[in-house]
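The structure appears right after this line, and notes come after that.
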Amino acid sequence: MSTSMKIGYYPGCSAKGSSLDYELSSSEVCRILGIVSSEIDEWNCCGSTPAHAVSTELSAALCTRNLVQATKQGADIVMTPCPSCLSNLRHARERMQNPEFKKRVDELLDEPAPEVLPEATSVMQMIGKLCSAEDIKSHVRQSLAGIRIAPYYGCLMSRPAELMNFGDPENPTLMEELLAACGADSVLDFPLKTECCGASAGIPHRPLTSVNSGRILDVAVKMEADCICVCCPLCQMNLDLRQKQAERQVNAKFGIPVLYYTQLMGLAFGCDPKTLGLNKLIVSADRIVDRIRALNTARKEAQGGNAA
Amino acid sequence: MRIGVFVCHCGSNIAGTVDCKAAAESALSLPDVVYATDLMYSCAEPGQAAIEKAIHDYALTGVVVASCSPRMHEPTFRRTVERAGLNRYMFEMANIREHVSWIGKDKVANTNKACELIAMAVAKLRNDRPLHSQSFDVTKKVLIIGGGIAGIQAALDCADGGIPVILVEREPTIGGKMAKLDKTFPTVDCSACILGPKMVDVAQHPNITLYACSEVEDITGYVGNFDVTIRKKTTYVDWDKCTGCGACTEKCPSKNVPDRFNENVGLTTAINIPFPQAIPKRASINPDYCRKLTTGKCGICAKICPTKAIDYERKDELINVKVGSVIAATGYDLMDWTVYEEYGGGRYPDVITSLQYERLLNASGPTGGHIKRPSDGKEPKRIVFIQCVGSRDKSIGRPLCSGFCCMYTAKQAVLTKDHIPDSQSYVFYMDIRAAGKLYDEFTRRAVEEYGTEYIRGRVSKIYPDGNGQLIVCGSDTLLGQRVEVPCDLVVLAVGINASKGASHLAEKLRISYDQYGFFLEGHPKLRPVETNTAGVFLAGVCQGTKDIPSSVAQGSAAAAKVLSLFARDKLENDPQIAHVNAARCVACGKCIRCCPFGAIREEEFRGQLKAKVIDTVCQGCGLCTATCPQGAIQLSHATDNEILAEVNQLCQF
Amino acid sequence: MPVLEGKELRIVAFLCNWCSYGGADTAGVARATQPTDLRIIRVPCSGRIDPLFILRALLNGADGVLVSGCHPNDCHYSAGNFYARRRLEVLKQFLPILGIDDRRFEYTWVSASEGARWQQVVTNFTARIHELGPAPRLEDAEPLLEMAEMALKPLRPLGTGQKAPLDELKNAIKARIKDLDVVIGWQKGDDDAHTIPLFMRSEEDVDRLVWGPFNVNNPATYVNELIGSALPLAKKKKIGLVVKGCDSKSVVELLQEKLIDKENIVLFALPCEGTFDMARIDRELGRYLKIDKVEYDEAGVTITADGKEHRFCIADYAQGKCYNCSMPLAKNADESFGDMPQITGTPVTPPELAMLDAMTLEQRFSFWKGEMDRCLRCYACRNACPMCVCRDYCIADTREPHFISQEWSVREKIYFQCIHAMHLAGRCTLCGECQRACPVGIPILALRQQIARVISQLFDNYQCGMDPEATPPLLCYQVNEEHIKQREL
Amino acid sequence: MQDTPLNIVQGRDLSFIREVEAESGQKVSNCYQCGNCSAGCPAAFTYDLQTNQIMRAVQLGLKDKVLNSKSIWMCLSCSTCSLRCPNNIDVANVMETLRHMARRENRVNVPVMNKFWLSFLNTVRAFGRSFEIGTMVLYMLRSLRLTTDVDLAPGALSKGKLGFKPHVVPDGGAKAVARIFRRYEERARREGVRP
């Protein structure tokens, strides 16, 4: 994997806290796939939902500072694992093209932002762009075949469609493509893949999250998924950390592990579950790990038997 | 030249924002203008009489009327001046209504503009020459494209009127969409029962020649004399021999063929007859699935056929016919609703179109008239109908209302209750559009007598709950609450487009079409059946959304247009065509190269080659005039000098 | 007709009857408010619009001209707008060379149902013209005279052609002259420093044929009169033509347009090493009584006039076109002698055009005002043009149609040059005879060069006079034009 | 409010319609009240006015009704409404615009939401980055909801998911962020709106 493009890495705050495992697994997967990036110096919080809920200008100022930092260290493009951060960075970049808006934001910054800011993209799109299915396949040590995976993107990754450029906003398929390259053949056509999980409302208004997350978990369990595969720290938190709250809300038992797609890819690449941060999950993913191993062993034996 | 100028008030339509009297007075200063006045309504009888009188009183040789658009009343005033003894082309119009009085309120600017437009018209008129039509023969035969209910009605009416009809149908049977329907609203009578006899009439009428499985390949010519090439697509069956006995369909081993007639719910055989009442009742082979044609091994149908009609080598045939008029009745197709990913994008088997549901209701359909849902064949108990799928949706570029969905959805809800008494239907709607005779009464019956639940709101999402049910997420905007309906089957009232390929046909017919492929009528109110191409008429949904009674009415209307066109033995051509000034022609052939109609040819004239226009073929576009460097070929009534006169009148340094 | 003082500008619109005129009606019916400046001329089809109407309007003081037709694919006459699109785009890109801002002319498509779109088009176009303000008037322009720097670096070595196998050529002509009515070449003129056309009818005539840098005339100019399509069939001759590479392009173009038949013409070719720009030579020689002698060497000639020696190096005194010449030897000749020289490099912008390119719009306008003021309306440019096949039926000489008046004004003189340029669009081989023939030395070739450049850019590098089988680009179209980018209004 | 009929002539604030349209860039008259926005809204059950009712109220210029509603604070900004609107209205953008307008006018009808946001932003202001415990503690202090999510804490803390230590942006980055906030607040005060 070689590219002349310099990638600035924007982890987002949750990568240093609640989604440590996301950061661990995505950096591991990127390392294996040969995607080189350097963390943006002195990056700051993008402001998340609260900033734009309060003021788009404040939100844009916080994001613009990060993009400017990236430019200063020579990045051509900024990559982040978090859809919420990505959405904010992209919104900011787009709004800054409006001269009046830019003027108002520049007033908030230490110095006016340059006319051209680098583009932002997700780790997932970067993998999809730089690595072909063949590239990914070549790293697979343990196929994900046989694991019933419910792919879940959440609402931010693909919306708004013009801005995020992530395929059909109702039915994105990039995650499925990456998983398929890792041998996954039982990825479900998950109908709620872009429905909102309740987002950050979990803290101030718990039912808002538990009702929405509960529905997603409920359908995934009914569809007999082994696990849910996510790409957003907030979704992961709502579906995993708050799974018990959701169970109480909809009066059901789920117990379904919620993994980042990078964790599943890492497992397929044969990484140690610990380096992927699997021990950080609230609902244990041990049975997924075991099942992948068992299925692969069984297949190997079956093949060996045939060969003999 | 002696020119009279008449400035029309059009009541207050023009006079409200244009000083018509001043405009008329200013015209008097123009060269050759000997008389100018303003009139209250120039198109009304007193107005026309005033023009005629002025022509006599002032010995006028040309007339300018400043009023509405020439697209509206040019023919009216041409007849007026003709009655007064002038050549009808010694007349010009200045459009001071649509282009002046209606688009601005500044009276000074408007009056000035009106004066200038009048001056331009006078300048052009001074270059006009009298023109005379030539008459030519008419082929009294009509081509009808499309054998749905509109085409059938038009064919029968023309044929009864004594006109030979060529009816071309793309599918193996006529009947169109109506043949697929179970019942029709608001009377809930059987569609096949009322359509069937008409289809039989078509087959038996001595004046009708039916070409099924055929398409129009090419059309050239002009009103009265069109040359049509029809491609008769091969069915691999000699239809002269086939009796429609159906023996082949019983024995055909290729049984997993998507059934087009049944909207791909259910399967059929590679050789098949679409449905029992098909006209013509003939078998045809689907070459994509026929084992003989795909693998070379089989040939069972050929062996079994009692009349030896099967011929695997059979090729398409091209048939040439000459007709005097064309009726397009090509109908519609459903839009591709799979763009609605939030409704599953076609991936959920139990989310179907209303036309598919119609086949499930139909006794001759794939389920024998028992409603069984596609996924598992179970009888659905809770059915959700969603209206306006692909209609009234700007976000996918389809702001149109498809017109008849409200009504058939009510009908399907009623029929559902008839078929499955313990079922419950829910209809998500935005507005109920039931403006026909007995229509609103019908939708009320669906609610009041059949217990259909109408919920006012669009549906945001459909998803399978993992337990074999679908969850429909909508909202009840009247209540102000979200609504979720767990159900067994979802029926989408999918919006319509003009039938596939309509735009290609339009280009062959040289008629216009809109973004959905619907053909453009001559005038939205006053010429709904005509097109801008003389001799080409429209019937049915190809012109815009319509229900069955309206389609039948337009079919008859189109037939009436054909009959009145053919009531004359000779037609007159439009003299506004190109003419070659042989003296100036250097035979460079540029006009011949670019004429879109092949209306110019090279002819020897006094030992020299010259271009020559074929009067009846020339359509009067003037491309040749713009191409000829010597100005040797001039389009009558839009000559270089006439246009230059307008330019020079307007632009004087 | 004066425009409404201070409020309106003169904007002319040509609308096709079926779509756009209907669209304007629809806008009216919908009471869609519009600026009042626009005056509509109704034509049956956008294909009816001769670009000369638009030029007439612009030269006559229109501040803006708008054309609107049916959308591509929707033409009532099936293809008129496709032809119009090519012609109008060529016109639009031609305008700036005259010093006319091309934003003053626009074309677009509006259908009969698009009343709202028409309103938007009118509003936007009128706003654009008001932003540009009143168009500059020829009457107000200050004449500007400027000369182009002609000497350039040639694409192949220039020379005096004295080593060309002229004798072999003469023998070849002699062998075929019996079958031909006439063979046209060059002979010595009044003196050794000038040539005149030679019409060879016998073997003796052939011996008078000369070859060298004074062979400036394009003999193809005579072809149309002898074998052109307008001739009575019985009067068509069989002719031979001795050609330089550039001359042969005119013949190929005539063949391509089917104005002459291949069977009526035989081409004899030698490799050309460049021809002199006689205007500059004559200027240098000044007045003289007698040319004493002309001595050739490889790099040029030395002319002794009235005892005074003048040295003309071909690399400094060649015609502008010779520097860019990449076909010194005709490719399609029937009898060809000598070798095609090696061509290195690619053609550059011709000097006349480069000079205009460097000017502002106002300067170009002033330039043409100044240059065309000197025009004598002698029509030598037209008469020398091998592509001007109309001859006696040129629209400049008639009132049917009456495009141009006899008024002695710069406006009419420029308009004639526009007519010539437009009639040459997609046809002109840039032989330069028009400019060479001009007795007052107006660089009118620049207008043809601009047209040729536009044609080449719009239609895949199309070069006129190269392929007898090609279709002239303005007599055909593509449904999706690759290089014509529609501008939104 | 429901009891008295709306005076359709006098009871409306037409300038409010224009303000919303100008600030959001959306044409609210394009809405034909199909209800799709409400149908897909994940927060709808917490709303006092459904999304389409908000849109209707904006169409009518019922400023108080809109800006005093709870709905605009409960919106999750998931954009489902915008995505599925058949009239291409960015409804989420309208909701956000209304929220901004309400804040500026000091009308905050769901203080918990606002407090949560401010807690979050205060953390960012202080450290340049957010950290969950800090947000949560601040939020609990502000909202006096001391038991919020305490059920989650043992699990999350043991997994190292909720950091106790804030991640301070190194090398003066945090100060740069603080300066952004300071300028923002100063300007808001200058313009007389609630920051």
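Quick notes on this structure:
Lettered A, B, C and D in written order, each chain numbered from 1.
Here, a contact is a pair of C-beta atoms (placed from the backbone, for glycine too) under 8 Å apart; a residue touches a chain by one contact, two chains touch by 3 or more.
Worth saying up front: this structure is predicted, and the values here are computed from it rather than measured.
Of the two chain pairs examined here, A-B and B-C, it is B-C that is joined by more C-beta pairs in contact.
Comparing per-chain C-alpha centres with the mean over every protein C-alpha atom, the closest match is chain B. Between the CA-based centres of subunit A and subunit C the separation comes to 63 Å, rounded to the whole angstrom. A straight line joining the Cα centres of subunit A and subunit B is 51 Å long.
One simple way to say how far apart two chains are is to compare their mean CA positions; for subunit C and subunit D this gives 67 Å. Our note on geometry: subunit B versus subunit C, Cα centroid distance of 46 Å, whole angstroms. Of all residues in subunit D, those touching 2 or more other chains are 45, 80, listed in ascending order. Within subunit C, not a single residue touches two or more of the remaining chains.
Touching of two or more other chains is recorded for residues 169-170, 195 of subunit A. Chain-to-chain contact here is organised irregularly, matching neither a line nor a ring nor a star, and falling short of all pairs touching. By the contact rule set out at the top, the touching chain pairs are A-B, A-D, B-C, B-D. Partner subunit A is touched in their complex by these residues of subunit B: 340-342, 344-345, 347-348, 461-467. Every residue of subunit A that touches subunit D in the complex is listed here, in rising order: 13-14, 16-18, 20, 41-45, 47-58, 61-62, 65, 69, 107-110, 155-156, 159-161, 169-170, 195-196, 198-208, 211-212, 237, 241-242, 244-245, 279-282. Against subunit B, in their complex, subunit C makes its touches with residues 1, 4, 7-8, 10, 12, 17-19, 21-22, 24-25, 27-29, 31-36, 39-45, 47-50, 53, 56-57, 60-62, 70, 73-74, 76-80, 83-84, 87, 111-113, 119, 137, 139, 228-234, 257-259, 389-391, 393-395, 398, 400-403, 411, 423, 471, 475-476. Residue ranges on subunit B touching subunit C, taken from their complex, read 69-72, 95, 97-100, 102-106, 108-110, 112-113, 116-117, 119-120, 503, 507, 510, 512-514, 520, 532-533, 576, 581, 583-590, 593-594, 596-597, 604, 606-609, 619-623, 625-627, 629-632, 634-635, 638-641, 643-644, 646-653. Only residues 42-43, 45-46, 74, 76-80, 82-83, 90, 96, 99-100, 103, 112-113, 115-118, 120-121, 124, 128-132, 135-136, 139, 143, 148-149, 151-152, 155-156, 159-163, 167, 169-174, 176-177, 179-181, 183-184, 187, 195 of subunit D touch subunit A when the two sit together in their complex.
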